[in-house]
Structures are given as C-alpha cells and as structure tokens.
Amino acid sequence: MTGWWDDYLWAALTVAKVFVCSLVFMVVFGLSGAAAKLSSSKPAQAVANAYTVFFRGTPEILVVLLLYFGSAVTLTAVGRLFDPSIRFLDIPPFWAGTIAIALVVGAYATETFRGAFLGVSPGSIEAARALGMSGLQTFVYIRIPEMWRLALPPFGNHMLSLVKDTALISIIGLEEMLFVAKQATSTTGKPFTMYIVVGLIYLAFSTLVTGLTMALEHHANRHLRAPT
Amino acid sequence: MSTQTSPIIRLVSVGKRFGDFEALVDVDLEVRPGERIVICGPSGSGKSTLIRCINRMEKHTSGTIVVNGHELTDDLRDIDAVRREIGMVFQSFNLFPHMTVLRNLTIAQRLVRKTPKAEAEAVAMHFLERVRIPEQAAKYPAQLSGGQQQRVAIARALCMKPRIMLFDEPTSALDPEMISEVLEVMVDLAGDGMTMVCVTHEMGFARSVADRVIFMDRGRLVEQADPETFFTRPQNERTALFLRQILRH
Amino acid sequence: MKVEIALDALPRMLAGIGLTFQLLLLALGIGTALAVLLLLMRISGRWWLSLPAQAYCYVFRGTPILVQIFIIYYGLPQFEWLRESVLWVVLRDPFGCAVLALALNVGAYVTEILRGGVLSVERGLLEAGAALGMSSTHRFVYITAPLAVRIALPAYGNEIISLLKSTALASTITLADMTGIARTVVAETFAPYEVFISLALVYVSLAWLIQRSMHRVEARIGRYATRRAG
C-alpha cells in the first residue's frame, strides 16, 4: 500500500467533485422533469415522460458511453469544419460522466419530486388560501417544506446512487479510484488489496451520505416529534 | 346469582406497566362460566389492556391470572392451551386480507385443531350462517362492509369452539348503521350461555345483556355492579360523571 | 444519424441477448434465495444472526457493483489457496464472476425489500393469529410471508429491472453480452449514437416487458385487495 495513499486520496477527491457536480445537475433535471410532468402542456409532459422512460430503462454504463463518445463524435465533426487536420476532440470525461449519471438519477428524482408535490395534503393548502395567503406564499411556506419532508427519504437514496455511479466514469478514462487501483495492481501484483481499498473508500462515502440524509430527515421531521 | 361454580377467569391484584406508565393497577376480577361482563371507561383507562392480558396478548407485570385452570406464565404450552379456549374479537377486525372469508374461518381450525378440511369448512359455514352471511364465504375481506367483516371475525373466533369470548371495542370502528348488526350477533351469543367479556361503550347492549358492568379509570376497577344498579345508582362520582357524558349522546 | 448503421448493428447486438438473460436469471435466482436466508437471519431476533446479515446488506448496498465485480474478478486471484480450491471453477471464468457479483448484490437489495414487506404486515393480523392459537411458525408461513410477498412485489419488480441494467457491467470484464458487443461495434464503426441509442431502446423495451409482467403477477396474487370484485 505504501506509496499509493496520495493517489487514492486524489482519486477520492475527484469522486467527491463528481458527486457534488452531479448532485446539482440531478436536482435541476429532477425539478425540471417534475415541473414538466405537472404542467398542463401536453408537449412538455410528453418530453418529460420520454426522458424518464428512456433513462430509467437504460443501463447507466450505456448512458455514460453514449454521452462521452457521442459528444466526441459531434465535437470532432464540428471542429473539422474549422480545422480539417483535427483528429479527435472530446469533452472531458469528468463532465461527460457527471452529466450522464445526473441524467439517469435525475429521471428517478423526477418521479420523487412529482410524487412529493402531489403528496402534500390539499387540506393544508386550502387552509393556507383561506387564511389569505397568496399562491406564492402558500407554495413557499406550505408546499415546499412539506414536499421536502416527503421527498427526503427517496432523495437520500438518489444521492447514494450518484455516489456509486461515479465508479462508472472510470470506463471513459477518468482518473478516479478504480483507475488508481488498476495502476497499483500492475506494479504491486496485489489486486485484491488494491480494489478492496476502493470498496472501503466508497463505503465511507456512502456512510457519510446516509448520515447526512438522516440528519436532514431528523431536522425536517422535528415538528412530528413529541416535545421532550 | 349463584356463587357455587368456580370462576373460569380469576385475576388477583394484577398490574401492568409500560415503562413508567401504569396501565393496570391492582386489578381483582372473577368471571364465572356463562357470565357476561361489560367493561367501560374513558380512553386510556386500561380496559383494553385488561382483556388483552386475559389471553396474554399483553403480559401482565404483577399479580396472577388464572384462566380455565391455567395460570398465565411464560410457559408457552400453557399459553397456547389457554388461547385455544378463548376467542377474541378486535376493534379493527384483523381479518387476514389475503384469504377468503372461508379460509379465514378454517385456517386456525386446520392448523391449530388439526381439523380435516371438510369438517373445518362445515364448521365455518355453520358459524357463517349464525352470523347471517353464508353467501359471502368466497369473498375477500376487502369486498365486505365493516359490519360484515366484524361478523366474519366473530364467526372466525367461534369456529375454534372457545369457552370464553373477549370483545375489544367490537363496534367502535363501525359506521353507526352497521353497529346493530354486530350487536345482534353478540346478543345471540349471550343467549347461548357463552362466557363473554366485552369492552364496549354500547350502553344499550350492557343494560340488556350484561350480568355485571365494570367501570375502569386510570388502570383501576373503580366500580362494578349489576346493570340496574350501575346505571341508576352509581356509587362513585367518576362513574356518574362518565355515564352522564356517555349517555348524553 | 444513419439508420443503416443501426439496422446493421442491432442483429449483432441481439446475439448477446441470451447471455444477458442468463446473467439476469441466474443472478436473480441465486440472489433471491440468498435474500430469503438473510431475511430469516435478520428477523430471527438473535443478534449473532441478524448482525452479520445487517453488515452484509450494508456493505453490498454501500459500494458500487462495478467495484464488487472488479474485486471478485481481478482481486480474488491474488490468493493462491483460492486458485487451488474448487471455487476456482467459478472464479476463473468471467461469466461465473459476473453472476456471483450480481447475485451477491441482488441478495442485499432484495433482503431489504422483503424486510420492508415483513415490517409492513399489520400487527393486528399477527395478534389475531396468536389469539386463534397459531404458533409463531404458522403465523410466519400463513400470515406474514404471503402478505409480505404481496407488499414487496412492486419493489421486487423494480429490482429485476435494476438487475437487468447491471448485467451491462459484465461487459467490463470481457463478456460479450449486448453491451459488450455494442462497444465492439462502436470501436469498428465509430457511430456511437446509432449503436448505443438503438441498444438503449432494446433495454428500455425489456424493462417495459418486465414491468408489464410484474403488473400481471401483482394483479393475479393481489386480487383479494380489489373491492367487490367477486
């Protein structure tokens, strides 16, 4: 193991960066998808339905490959219009991979956000309106907090999916932990040790995310607990 | 009332704690065979806990309970022997949703009593007729009304040929128009000499059927008397207050 | 986008559908059996059984399947004694490794699904069983298990679809399943859109088929829940 710790550390940092960026995209995709599904516009609903059906049925690895190689083909073709001597252009694996896994998990998040929106009890919405709260106030003070509470448990699972899906980006050449393990194996000849370390680091990430979710849930449900 | 026969249920200074909360305090009660007892009291008074202790759905934490000659202890064989002799009807029916009415009635006969299938079904149909819904035998519980479900639940308990029937607020979860169909079945049963312990707020039922009415409050037996005395001359002021509240409706 | 490329590539990729199904069914069968065992351990009420089962689920649900596949396929041969044991028959073969990794994974997820089913069986029903004198084994077999299975079924269906998607990871350890073939075809033609999108549609259709058949099964064994149908 000696001599490889800093490589693993850097790789773990890359994974953390991918996670944070994909989380942002995932929320954006999920909210847009949910908004489209809840809207009264038929085309918007159709697009959102196609989005969720496609990305929930396609293997994550295929989405990663499609986004990376697809964007590379497109970029190379566009690049050649300007400079015919270009052989290959790609967008960095980091961004192709980040967006790919965010698209997949965003499809699941779409259903979560949609369900949470519909799960808010109509009684409290009515009560808010009866008290003279405006549509926007009702949305911000009544619907969002209740939605957040309902969406949190599945949202925690979506975050876990993102953490685990980061491993797929090694396939398109991102220098993350599986990449380090492969290199370390070729010089040390100890594959089990090298890959188990990757597993343990992922387990630590998962534990962290689970803990974070639990803390958020604890906070979101504070009004449901009996006073102590 | 004759006092010759020995009690079928005997509780001696029974207590039940849930953590710091005392659900039952020093309860003494004797029930003779064939006797019909109605227990009432405000919610949280321990009346459900009391009858749930009789078939050991709850374990009492002090005192002794003897049912049908068996003392209720941690010895599992005794508990099963006792439960075979006691039928229980729950507030929320608790029918097995994935089984037809007929199978709800035969499952325990076949598993516990080892009754052959044909005989178990004959028994089931007999009791379905007694609760007046034999035509529902092939349906699933969710396809029945609440009143019908509760009558099936009573029939299910009767199929085990119990010597004692416990009723835990059997009509509280029912719409008003369905309460009478369940009470009629219970009155019928009382007419047959079944030993019954009923937790209920149906005071009409208590008046016409009960040999004894018991009032509980805060885990204690506050008062017990025959219905006539109980309703017209309650001795305890808490009983009187409770009756005033409940009879106003 | 050239339709001809997609039409050329599809039959080649579909040649791998048999391998995809083998992975799916073997892993599902073994994994579900494992899950039942783990579930019984978890609800046994004995800490020395439930704790290992809990740890197992935690580890396998907390790490990426790809990492598990690599640990089994690349990692295990590090041990001399393993290479000399009978297990080597399975472990030296990428197919065996893929099935093993997927099955171990399914086992962990399905355990949680089944446990959710068991926990959601109403207490009152078990009390009713106890009040009728049914033993705890009888209560589990006749009340808890059939109800838990029905409750767990939709989640189980989703898990089968997840597993279908995970079989694509077998392509990372040289297996020529549909995804493995697709990667070869893309390397030859360099037409990622045509090849990958048409393959994605194949997976989407398979997922849809699985979902439809699960709905059938649910409707069939969940018929007690429909009101006034009889």
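Just so it is clear, A, B and C label the chains in written order, and each chain counts residues from 1 on its own.
The criterion applied here is as follows: contacts are C-beta pairs under 8 Å (C-beta built on N, C-alpha and C of every residue); 3 or more make two chains touch, one makes a residue touch a chain.
Keep in mind that this is a model prediction, so the values were computed, not measured.
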Dominant chain pairing [most C-beta pairs in contact]: A-C
Chain closest to the middle [Cα centroid of all protein chains]: C
Most widely separated chain from subunit B, with each centre as the mean of CA atoms: A
Separation of mean Cα positions, subunit C and subunit B [Å, integer]: 46
Centroid spacing, where centroids are CA-atom means, of subunit A and subunit B in whole angstrom: 55
Whole-Å gap separating subunit A and subunit C, where each centre is the average of the chain's CA atoms: 22
Sequence positions of subunit C contacting 2 or more other chains: none
Subunit A - residues contacting subunit C, complex: 53-54, 56-63, 65-66, 69-70, 72-73, 160, 164-168, 170-171, 178, 181, 185, 189-196, 198-199, 202-203, 206-207, 210
Footprint of subunit B on subunit C - complex, ascending: 122, 124-125, 127-135, 138, 142-143, 146-147, 150, 223-230
Contacting residues of subunit B [partner subunit C, same complex]: 55, 57, 80, 83-84, 86-88, 90, 92, 94-100, 107-108, 111-112, 138-143, 153, 156-157, 160
Of subunit C, residues touching subunit A in the complex: 59, 61-68, 70-71, 74-79, 161, 164-169, 171-172, 179, 182-183, 186, 190-193, 196-197, 199-200, 203-208
